[in-house]
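Notes for the one structure printed next.
A, B, C, D, E and F label the chains in the order they appear, each numbered from 1.
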Amino acid sequence: MRPSGRDISEMRPISIETGVTKHAEGSCLIRVGDTHVLCTASLEERVPPFLKNSGLGWVTAEYGMLPRATGSRMRREAAQGKQGGRTVEIQRLIGRSLRAGVDRVALGERQITVDCDVLQADGGTRCAAITGGWVALRLAVNALMKAGDVTSDPLVAPVAAVSCGIYAGQPVLDLDYAEDSRAGVDGNFVMLGGNRLIEVQMSAEGATYTRDQMGLLLDLAEKGVNELAAAQTAAVGG
Amino acid sequence: MRPSGRDISEMRPISIETGVTKHAEGSCLIRVGDTHVLCTASLEERVPPFLKNSGLGWVTAEYGMLPRATGSRMRREAAQGKQGGRTVEIQRLIGRSLRAGVDRVALGERQITVDCDVLQADGGTRCAAITGGWVALRLAVNALMKAGDVTSDPLVAPVAAVSCGIYAGQPVLDLDYAEDSRAGVDGNFVMLGGNRLIEVQMSAEGATYTRDQMGLLLDLAEKGVNELAAAQTAAVGG
Amino acid sequence: MRPSGRDISEMRPISIETGVTKHAEGSCLIRVGDTHVLCTASLEERVPPFLKNSGLGWVTAEYGMLPRATGSRMRREAAQGKQGGRTVEIQRLIGRSLRAGVDRVALGERQITVDCDVLQADGGTRCAAITGGWVALRLAVNALMKAGDVTSDPLVAPVAAVSCGIYAGQPVLDLDYAEDSRAGVDGNFVMLGGNRLIEVQMSAEGATYTRDQMGLLLDLAEKGVNELAAAQTAAVGG
Amino acid sequence: MRPSGRDISEMRPISIETGVTKHAEGSCLIRVGDTHVLCTASLEERVPPFLKNSGLGWVTAEYGMLPRATGSRMRREAAQGKQGGRTVEIQRLIGRSLRAGVDRVALGERQITVDCDVLQADGGTRCAAITGGWVALRLAVNALMKAGDVTSDPLVAPVAAVSCGIYAGQPVLDLDYAEDSRAGVDGNFVMLGGNRLIEVQMSAEGATYTRDQMGLLLDLAEKGVNELAAAQTAAVGG
Amino acid sequence: MRPSGRDISEMRPISIETGVTKHAEGSCLIRVGDTHVLCTASLEERVPPFLKNSGLGWVTAEYGMLPRATGSRMRREAAQGKQGGRTVEIQRLIGRSLRAGVDRVALGERQITVDCDVLQADGGTRCAAITGGWVALRLAVNALMKAGDVTSDPLVAPVAAVSCGIYAGQPVLDLDYAEDSRAGVDGNFVMLGGNRLIEVQMSAEGATYTRDQMGLLLDLAEKGVNELAAAQTAAVGG
Amino acid sequence: MRPSGRDISEMRPISIETGVTKHAEGSCLIRVGDTHVLCTASLEERVPPFLKNSGLGWVTAEYGMLPRATGSRMRREAAQGKQGGRTVEIQRLIGRSLRAGVDRVALGERQITVDCDVLQADGGTRCAAITGGWVALRLAVNALMKAGDVTSDPLVAPVAAVSCGIYAGQPVLDLDYAEDSRAGVDGNFVMLGGNRLIEVQMSAEGATYTRDQMGLLLDLAEKGVNELAAAQTAAVGG
C-alpha cells in the first residue's frame, strides 16, 4: 500500500558516515533512504552578544538545499538574495531541538554552529538534519572533551527526529517524498533519549485529525526515533 | 500562582469588535487580554499563478507587529528590509490554519488575503491572529454570499487557536507574556469547530515533556478553543 | 461642491484619544474624518552616534500604513523588502517637523522615536501623523518631566499640520481622498504654535499656481492648524 | 557677508554645455558655480504599464551622486544596495517638476527618462538637476519633432529651479554649500516659464519663519529663475 | 619543496564518481586532492528570453560553497542576502568556459544549468568545478542523445581547467590551498580538448611576472589539463 | 578592415585631463576614443579592520557606469539594489591591478579609494579605468609626499591596461565597442612599467585560440601599454 512497499511502521534504511570533511570539528553524512544530508559542526570560542559574560554556551543551526537536491531544480537562495520562509522555519527548528539536549553551563562560553546541507532530498530532510546534526555536534563535543576544554559532558542524551503522517487514511512512519506530497496530515516529532518530547509539529492542510490519530502517530514516532538513536550511537562509537 | 491571578484553566477576557475599518471586505479588532490584533480580509478576483484555471480559491495571510506593540520598541521590519524568521513562521501558520477550514472549490477562483497586525502584544499574538483572522474571513465570505458570487458556504467550521504551556511546573491555559517568557514548554493548538485538530506545535527549550503532559495541555486547549469559538460566533452574529 | 458637502474652509471632525497602548511612553489614536493614525512615542536613554557627548537630544519618526488601510490592498513594505519612496519622504518630513518644535538642549541626551501607523486612510495621513505624533511626544515628555528627568520643558509649542489644495479651481481646506486624488495643486503646511511656519510643500502635477493662490491656501492652512492645535491642547489636558 | 562675497540676490555663474554625450537623445553639463551635474534624456518608445493605451506619454527622472562629488567620500549607493531617502526624495521632485511642464497628450505614448548625475557638489544640486534636466529634455524633444514623430510641441515652457534661504538672518539667493549647511531656513522653488509656481518646499530645522519672510524668498527665487531660464534658452539655441 | 611534497609538475590525485544524485540529468563528485565538488547538470526545455525562437541552446552555471568547506566557517551567502563578488566571478567563468565547448545549434532550444557546489575546499575549486561540470554536462547530453532529442553531438571536445602559479619563486602545477595562499602569481587555464585555449587568467598581487614565466605556466597547464581530460574520458565511459 | 578605419596596431586617441574635481585628493578624466572615465582618488587616514596595526596601507577601487553611458539606457544599479556581476568583477580587477604597483609599507597605514565612473562607453572601459585610476592615485600620492606624510614613493611604476582581441580573424589592438561586441577572443592586459605583467585575462566565447595567437595579442598589448604609459607620464607632469 505504501509506494515503497514498506510496512506501515518501517523506517527507510539508515546510514550515518562520520568524519566526512577534513575541516569541521564534527561531521557526518546521514542517509535516510534517498534523503542525504551533510552535517558539520563548527566550533567558535565566542558567543553571540546577548550571552557575553553569561557563562553559557550556544548551539545554533543553518539549513540549506543544493539546487538540484530535488526532482526539478530550485532557484539557489543565495542568488535570490534571501532564505525562503521554509528554510528559516526549518533551521530555527533544528537549532531549538539541538539546544534542548545541551547543558549550556557545561558547554561554557563557546558557540557550535551546525550546518545541515541537503545533497539529495526524498522527504523528511528536516528530521534527517536534526538526527545527523546531533551526530556532528556529538563529535565536536567529544573533541572538546578530549582536549580537556570541557570537563563535564554537555550533551544530556541523543536528539533524533522522525516524520509520521496519515497517508491514504493510514498512519505511517517515516514519510518519503511520494507519501509526503499526498499526505493529509504530516507531523514531525523530535525526541530526547528516545522517551522525552522536544518538539511536536502536526499540520493538516485539508484533512484535520483527532486526538486518537495523534496518539497513533506518536506511537510510530517513538519506534522510529529509537531506531535512529541506535544508529546515532553506533555512528559515534558509543 | 499565575502572575495575573487567573486560574490554571482560565482564559483572559475575549472581545471581538467587527467592522473596524471601512475599506476591507471583512475586519475585526480582537482583544485577548492585553493582546490586540487588527485583522482584515481583502478579496481579489484572481488567484496565484499555480491555481490559474484550477477552479480552486486561495486564502493566505500576512502578519506584522507595530514597532511599539511590545514593551521595548522593536525595529520596523520594512526599515530592516526583510521580515524576520519569526514573522514568516507565524504568517505561514495562520495561512495554513485558515485554509484547513475552507472548501476551496466552493470559494471558486478568487483569493482572500487576511492581514493580522498586532497593535499591542502581551503573549499569544499568533493565536489571537488566527482566531480574529477567521472572523474577518467569515465576514468577507458573508459579503460574497450575500452578493450571490458564492452560493455554497466555503467555510466548513470556525477555526480558532490558543496557547498552553507548562509554567512553574503546572500546565496552564492561554499564556500571557509574563508566563510565556518563562515557560519551559510552550504549545499552540489550532482547532476546527472545537473538536478536530488542525495544527499542534509544542516546543521545549530546556525542559522536555512527556506524552501525559501533552495530554493535559490538549485538554486545556480544547476548553479554550471552545470559549474562543463562542466569541467568534457571537461576533459574526451567528 | 466638495464631495463631502463640507464648506471650503471646513475641517473634517477631529478626535484624539490618548493612552491607547500600554507599552509606549506616549500614545494617541488621531482621527481626522476617516483618516485614523495610531501614534506612539518611545523613549530611549541613548542618542545616535553623531550626537554622542553633544548634550543634545534627538527626535525621529517612522511612518507606515497597514496593507488594507486603503481602498485596495497594498503590498506590505516588510514583504517587499524596502520602504517605498513615499514612505521615506513622509517619515523624514514628520521627524523634521517635530524637531522644529523641540529644544534639544532641554531634552538632554535621549532619543524619542515617534511611530505613526495609518490604520485607515482617507487623505491627509502625513498631516494627521504630524499632529498626532506631537501629542504622543508631548505625553512622553510630560512623563519625563513628572519623573524629574527633564526640568525645563523641551517642547516650545504645539506642532500641527494640514493639507490644502485647489480642487475644481477652488482653494479648499483639509483634502480628503476623493479631493486629493483629483486636486491640481496639493499643499502640506506644518506650523508651530499656530502662527510660525515650519514647512510648506506645495506641488503641482499638471496645473501650476500663482503667488496669490498660494496666499489663499496659507490663509486656509492657518485656520485649520489653529483648530488642530485646540484639539491637541484638549487631548493632552492642557 | 556671504562666504563667497556675493550680493544677497546674486546667482553663481551659470554655464550649460549641450551635446556632451554621444549616446543620449539629449544631454547637457550644467554648472552653477562649483555644482556640476551631467543630465541626459533617454527616449523609449514604450510607457509604464499604467499608461498602456492611454495615449499619454511619461517623463521620469533619476538622480545620483558620484561617491567623491562631495568634500568627503560618500559610500556608493549601488554598493550599499539601496538608494538613500534623500536620493529618492530628490528624484521624485525632479520627475514631478519636469512633468508639470509637459503636455503628455502631445508627447504621445513614449517615455523620456532624465538622468541627473552630480559630478561635483557645492549646494543646490537638485535645483541644478531640474534646470539642466529640462535642457536635456528639450533637446530630446527637439529631435523627436525634427524627425516628425511629434508634431505639436509637448513642452509648454522652460522649467527651472533655484534655492533660497535665510542665512545669518538674511534672505539670500542660490545657497552654496557653505551657506546651505548653516542656513536656518532652506527653500527650493521650481517655476514654469519664470512666473508660475510648480513646487515650493520651505523647510525649517530649528528656526521657523513667517509669511513675510516667505514672500522675500519668493521674490529672490523669481529673479534667480529668470536668469536660469535665460541661460536655458541660450543653451538650446532658442 | 612543495608543502605536499609533490613534484613541480605533479597533479594531486584525481577521482571522478558519476551518477551521485538520483534527480539530476547528469552528475558527478570530482575530487582533486582534498578539493571535492559536487556537480549536477539540470535540463530544462526552455531558454532565457533573449534566445526565444533563435534555435540556439544555452548552458549556464552556478557555484556555491558549503559554509564549512573551508578551514574556518564562512557565512552562508543565502543568509547574507547576496552572492559575494568571488562567487559571481567564478560562476561566470564556469558558464563561459563550458559554453566554449558547446555547439549551441546542435543543442537546440533547451537550457542546461550546471551547479557546482564545493563540499570541501583545498585550493583550485573553480578549476575542479569546470572539469567536473563538464562531466555532468556530458552525461546530461548523453541522455538527450540516447532519447533521440538531440541527434548531432553538441559537445565538441572536453573542457577542463587547472591552476598553476609561482610558488617560492618556482612555477608549479595544481596549487593546493597551502600554496595558493602564498603564491605571488596565480593563474587559471581553461582548455578545450587539451590543445586549444578557452580562458587564461593570470593575476599578480605583489609579484609581477614576465612573458617567459607565463610560458612556463602554460606548459605546466597543458600537462595538467591532459591528465584531467583522461580522467574525464574514463569517467564518462568513453 | 576595422570599423573605425584604424590600423591593426593603432590605439584610439588618448587624452588625460587632471584636476577635474575640486574635492578629490587626485582626479582625472581619461578619454580613450569615445570611452570617457572620470577617476578620483580619495584618501582616508584609516585602513580596513584586517590591516589594523599592520603598518601596511590599502588601495581599493569601485567602478560604476552612468545609466546612459551606453547606446541604450541601462538600469541604475543603485535602483536595482545591487551591483551586477560584471561591475563586481571589474572593480576587483582594478583594485588588484593598482595594488600590484604599490609598495604598501611605504604608503603606511592609510587607504586610498579609487572611483572610476564611466561617463561615456565605447569599449575598453575597464582598461581606461585602470589607466586613469593610476593617474588619480599618482596625484593623491604626490600630495601626500609634498605634505611630508609619506617620504619614500609608494608607487613603483605606472600601471596601465589595454584590450586586444581577435576580430574578423585578425589580432587587433584596443577594441572599440563595434569590435568588442563581435570579437571571438577578447583579452585584457594589465602591465607595470610597460614590461612586466600584472594581469592577463583572455576569454573565448565560441572561438578558442592557440598559444601563438596569444603571443600576437601580447605583442600588441605591449605596444599599447607603452603609449598609455607615455600619456600617463605626460599627464602627471613627470
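Here, a contact is a pair of C-beta atoms (placed from the backbone, for glycine too) under 8 Å apart; a residue touches a chain by one contact, two chains touch by 3 or more.
For each chain, UniProt lists the protein as follows: A, B, C, D, E, F = Ribonuclease PH.
Please read these numbers as outputs of a predicted model, since none were measured by experiment.
Colleague: Can you name the chains that touch chain A (Ribonuclease PH) as well as chain D (Ribonuclease PH)?
Modeller: Neighbours common to chain A (Ribonuclease PH) and chain D (Ribonuclease PH) are absent.
Colleague: Which number of steps is the smallest that gets you from chain A (Ribonuclease PH) over to chain F (Ribonuclease PH) via touching chains?
Modeller: The distance in steps between these two chains is 2.
Colleague: Would you mind checking the shortest number of contact hops between chain C (Ribonuclease PH) and chain F (Ribonuclease PH)?
Modeller: Tracing touching chains, the least step count from chain C (Ribonuclease PH) to chain F (Ribonuclease PH) comes to 2.
Colleague: Among the chains, which one keeps its Cα centre farthest from the Cα centre of chain E (Ribonuclease PH)?
Modeller: It is C whose centre lies farthest from that of chain E (Ribonuclease PH).
Colleague: With touch defined as above, tell me whether chain D (Ribonuclease PH) and chain F (Ribonuclease PH) contact each other through largely the same residue numbers, more than half shared, or through different ones.
Modeller: same
Colleague: Using residue numbers, check each pair in D-F, B-C or C-D against E-F and return the one sharing over half of the contact pairs.
Modeller: C-D
Colleague: Please work out the Cα centroid separation of chain A (Ribonuclease PH) and chain B (Ribonuclease PH), and write it as a whole number of Å.
Modeller: Centre-to-centre distance between chain A (Ribonuclease PH) and chain B (Ribonuclease PH): 28 Å.
Colleague: List the centre-to-centre spacing of chain C (Ribonuclease PH) and chain E (Ribonuclease PH) in whole Å, with centres computed as mean CA coordinates.
Modeller: Once rounded, the distance between the two centres reads 59 Å.
Colleague: Starting from the mean Cα coordinates of chain A (Ribonuclease PH) and chain E (Ribonuclease PH), work out the distance between those two points in Å.
Modeller: Going by mean C-alpha positions, chain A (Ribonuclease PH) sits 33 Å from chain E (Ribonuclease PH).
Colleague: Which residue numbers or ranges of chain F (Ribonuclease PH) touch two or more of the other chains?
Modeller: In chain F (Ribonuclease PH), 81-82 touch at least two other chains.
Colleague: Under that contact definition the chains make a ring. Starting at chain B (Ribonuclease PH) and heading to chain C (Ribonuclease PH) next, list them in order.
Modeller: B, C, D, F, E, A
Colleague: Inside the complex, what are the residues of chain C (Ribonuclease PH) that reach chain B (Ribonuclease PH)?
Modeller: Its residues touching chain B (Ribonuclease PH) are 21-24, 27, 34, 38, 40, 42, 44, 62, 64, 66-73, 76-83, 87, 113, 115, 117, 119-120.
Colleague: Using the touch rule from the top, collect the residues of chain A (Ribonuclease PH) that touch chain B (Ribonuclease PH) in their complex.
Modeller: That would be residues 82, 85, 88-89, 92, 96, 99-100, 192, 196-206, 208-211, 214, 218 of chain A (Ribonuclease PH).
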